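The structures considered in this document are given below.
The same chain A turns up in both complexes below, where it pairs with chain B and then with chain C.
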Partner chain A sequence: MKHLLSTQDLSARNALRLLDTAEEMAAVGEREIKKLPALRGRTVVNLFFEDSTRTRISFEAAAKRLSADVINFAAKGSSVSKGESLKDTAQTLEAMSADAVVIRHPASGAPARLAASGWIDAAVVNAGDGTHEHPTQALLDAFTLRRHWARIAGNPSAGTTLVGMKVLIVGDVLHSRVARSNVWLLTTLGAEVLLAGPPTLLPVGVGSWPCTVFYNLDDALAQRPDAVMMLRLQAERMNAAFFPSTREYSRRWGFDDGRLALLDTMGLDDTVIMHPGPMNRGLEISSAAADSPRSTVLAQVRNGVSVRMAALYLLLSGDPQDDDDHSDDRPHQDDPFATTPEGRTP
Partner chain B sequence: MTVPASESGIHKRVVLAEADIDRALTRIAHEILEANKGPRDLVLLGIPRRGFPLAQRLAQKIAAVDPSVDPDLITGQLDVTMYRDDLRRHPTRSPLATQLPPSGIDDKVVVLVDDVLYSGRTIRAGLDALADLGRPRAVRLAVLVDRGHRELPIRADHVGKNLPTSSLERVRVHLAEIDLIGGSAVDEVVIEDRT
Partner chain C sequence: MSPDTTTDRAVDPAQYLIRGVSPLGGEATDLLVRGGVIAASGPDAASGAAADAVTIEADGLVALPGMVDLHTHLREPGREDAETVETGSRAAALGGFTAIHAMANSSPVADTAGVVEQVYRLGLASGWVEVRPVGAVTVGLAGERLAELGAMAESRASVRVFSDDGICVHDPVLMRRALEYVKAFDGVIAQHAQEPRLTEGAQMNEGEVSAVLGLTGWPAVAEESIIARDVLLAQHVGSRLHVCHVSTAGSVEIIRWAKARGIDVTAEVTPHHLLLTDELVRSYDPVYKVNPPLRTSDDVHALRAALADGTIDVVGTDHAPHPSEHKECEWAQAAMGMTGLETALSVVQHTMVETGLLDWAGFARVTSVTPARIGRLDHQGRPLAVGEPANLILVDPAARWTVDPTTMATKGRNSPFRGLELPGRVRATFFEGHPTVLDGHLSTPRRGQVPATAVDGEDAAWNI
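Moving on, here comes the complex of A and B:
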């Protein structure tokens, strides 16, 4: 792996390697000294052209725990507001010898452009681009789901996949890069993905995605999902009338107190409620649901640091001349996908 | 004991067989107990991958000598991947688990256990990793094979066998817990000579 741009082209092998590495990174987060020397002397630039709290802080904490130097760059207050292009910004970073660039950009495909353009040598990590992908969010969701799945099965989480798990993603799929990244990654890891949302907030071509689509939340919940992921209603990206009123949206698509009680009546004791944050409490998720023991919202934030440490470590630590993951002298043991064709190059 | 290898150009020589490994570990277990004047405060930390089963076997032998010892409570695994000084020179290594015994390592006598002592760089990384986990009273080193060619001022306290080798040779330790050769689990130390 040279870059982490999307989960669509992430092989099952690499996805599992990221999650297993994150498992070890999580153990570091529980120690008294939460620091590893692996990326000493390397520079990670957080290049944020869009607002973000948790993703930027999470990447910063991850890089610092690996002893890398961190430079934070926000478009506000920089030369970008004077009209500097992405290319010139990138070349400035190259001149400052950045080893990794974590980029969030309102334009879909900006990280891929940065990685493919030859403007910089640094590893590029996509921290959210437009309505395209947000791979580290999907990885931390998968990590959270995998821990939950392994815990109820009584297995250690390292090495396990999500085979047999049913994950329901609800809400504004159209504007959500989190939903896209999750659909690809969770499917790659073996989970069954269900989508539910109003037709106006589902993208054209959703029928070709590897998932089942529901136009009624209660029908989708009747499928007895193991996890329900509520998406944030992205008001800042909505420039048309997608639904009549927020009140109606909340009634039909929000995870409210009634649906929380429904999980109990259905006997779904192990179903968790996820949200990538920031939450619109009372809109797509009720406070009772967000604060219930089923909610994994805070675990997701905590796991974000571990997953991002794993991503930065795997992208930056090896010999830059040698991209061949397969020559690792300690190969991935018990590769659960070793016998399946997907994710393996012959 | 020279066995011609199936692959051309590689000669394999078994230098320690199963019984030799077992005898060496029994001796090291007694040496550890003797040097520590009993099992008090002992913690055995194996360096993955083959150091860990060796640490488990040593703990079993210590428990056989002193029945008050629970082998599981004094054994752990110490991953040194993130502390290596050659991360940039090799393809990316995946870190492995670090598991400390429930008593922790503060004020304990930690015995690092590894299969082969060569340049000493792994042990250097192990000492750094230990410093981030706690403050042992003393740190000792036990290895199954010392093959020389040290690049750092590091020395083992307990050695199973000193093997003078050429740096062109490779020393491979196979342990039944990890290695399957031809479908069967084997215990052996092999020198591979690439000429």
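Moving on, here comes the complex of A and C:
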């Protein structure tokens, strides 16, 4: 791997290597001295065009635990179009010898653009781009799910896949980079993914995804999922007529106390409730659900550092088991006409 | 005033004997170009040629009427960093065009007689092709009140095509009035069919690819619903409607239905919509960002079939050059548009001729004859016959070339065909009897079209 841009083009082998490496990194986090010298002298830039304190500090902690030098570069999205361009920013970082750029950007595809442009040699890590992907979030979710799945099976986590697991993702899939990254990664790891949400918040074209789609949350819960992942709802979506009111949304697609009790009634003792945070308590998830023993919210945060350590480590230390050295030679990244006629009609 | 015709202009004094050329791909013959017209053909050509006639050996070349583009963005006035009338018309000549229609979305907008005359004059002064300004339908393309369509029609530019291209005339009352009003001077409204509310923030075709990429979808229905409304309006008021850059299979069905009902509608497709699909957007490379967006393979096949069967009447390039900084950025920030003048012939040959969907006569119909008729250009798109104006091109259909935007005459480097090998090269372009392109290279512009005093006076007026 040269970059980590999406989970859609992440092979199962690379995904498992990331998760297994993250297990080793997690062990470091349990030591008294939570630091490895692996990336000493390397520079990681956190390039955030969008506010996200949670993701930024998670990457910062990950880089520091690997002894990398960290530069935080906060740039507001509006300055991109009006002031310095992404190209100039990238070339500035290149001139400062950045080894890795962790980029959060409101425009879908900005990390891919950065990686393919030739403006910069650094490894690019997508820390969330628009409504496209958020691969490290999906990796930490998969890591959390895998630990849970291995624990109930009595197996060690490392090497385990998600085969046999049923994961339900609920809410605003249309605008969710977390949902997209999870759909690809969890299915790559063998899980079965179900989606539930209002039809207005499921993308046109979702029919081609490797998922089953439900418009009714209770119908989806009747499929007895092993995990329910609630997506954050942005209340302003209501203004664009995606749904009539937050109360109606909450009743139909919120994980409320009634649905929490339903899991018990159905005997789904091992079903966990996930949320990428930050949560809207009382909207897409009730406080009782968020704080219940089923909730993995805090474990997800904790695991985020381990997963991001693994990503930075594998990208920057030259992974000897790399199986896709040529990922950046893909036709869609360098020269769309080099090998494949895809996108052109013969 | 009447449109300028060849009779107003000075004529190239030289004679050109084109030997062994295949008109419309037919039997090889000779053509003699003299005095701005095709003066002789067959054995008469050589025997009628003067001793100092320039001979062009054209074995294996196809003669076609000069291409006529109904849809070109020349960017001047206002964005001369992107393109000028001079650079855009050079690109057009190299691409095999003898007439282009300059879209109205310049700055200032071509919504007055003054601006359209300026563009028209710049075209005459350049002399590479005939430049016909398109007039805006509404003042400032704002969609609120009609521009002075009559004044533009009666100006020296003799505007016949009116369009707010880039923006849809979405107010149904305004569209109805525009359709009705231009009947007074045989004008046509060229509609950019894009329902604005359905395309707020839209970035790419809405479908399987947009779902994966997380780019805001641009539904086909936004185009189709406007076309459906407009053909019904055109029928109701008995007017002529032209639909710009049709991009979806559904639009084709609506236009087919409208034509079957006898509605006076014509439609256009771009070369890029005949070849490229939204799969290319997976790269997030903004060179593939265009309005209307690249659609699916099914749409591409429907567009080709429609162009072959006449449901779609013409190819229009929608040549839209942009400075590189408008494309070297994130997808969402990037400008929409692609260059097309210098690749149009090759892309249409590749997608329509080499697939057997069109012969060269059909190619001439969709790239020259019908666009000239829609634009009311009497001396363009004419038969390759004795006595006709010598607006013609010589094409080597066997040539193969690889698209390199850095070597193009347009200022725009935003060609989506970059790196692609395409068939067909323009070897020569004759613009009213004068070769603007010879041996595949720019020759000289056609001289002496404009009375010097008029240019001076106009210069003084717009240089203040």
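Please note the rule applied: the second predicted complex is superposed on the first by the 306 of 346 C-alpha atoms of A that agree within 3 Å, B and C clash if a C-alpha of one lies under 4 Å from a C-alpha of the other, contacts with A are read in each partner's own complex, and residues count from 1 in each chain.
Here is the rule we go by: contacts are C-beta pairs under 8 Å (C-beta built on N, C-alpha and C of every residue); 3 or more make two chains touch, one makes a residue touch a chain.
None of these values were measured; they are calculated from a predicted model.
In the superposition on chain A, the chain among chain B and chain C reaching more residues of chain A is C. Of the two partner chains placed by the overlay, only chain C lies in contact with A:Trp209; chain B stays clear of it. Applying the stated contact rule after C-alpha superposition, one finds that A:Leu86 touches chain C and leaves chain B untouched. Contact with chain B, but none with chain C, is seen for A:Glu24 once the two complexes are overlaid on the shared chain. After overlaying the two complexes on the shared chain, residue contacts for A:Leu36 are found with chain B alone; chain C is out of touch. In the superposition on chain A, A:Ala241 makes contact with neither chain B nor chain C. Common to the chain B and chain C contact sets on chain A are residues 332. Listed in rising order, the residues of chain C touching chain A in the complex are 203, 206-217, 219, 275-280, 282-285, 294, 297, 300-301, 325, 328-333, 351, 418-420.
Within the complex, the chain A residues that touch chain B are 1, 17, 20-21, 23-25, 27, 31, 33, 35-38, 66, 158, 313-314, 317-320, 322, 324-325, 327-330, 332.
The touching residues of chain A, when paired with chain C in their complex, are 8, 80-81, 85-87, 105-110, 112-113, 116-117, 129-133, 177, 180, 203-206, 208-209, 332-333, 335-338, 342-345. On chain B, the positions that touch chain A within their shared complex are 49, 79, 81-83, 87-98, 128, 132-133.
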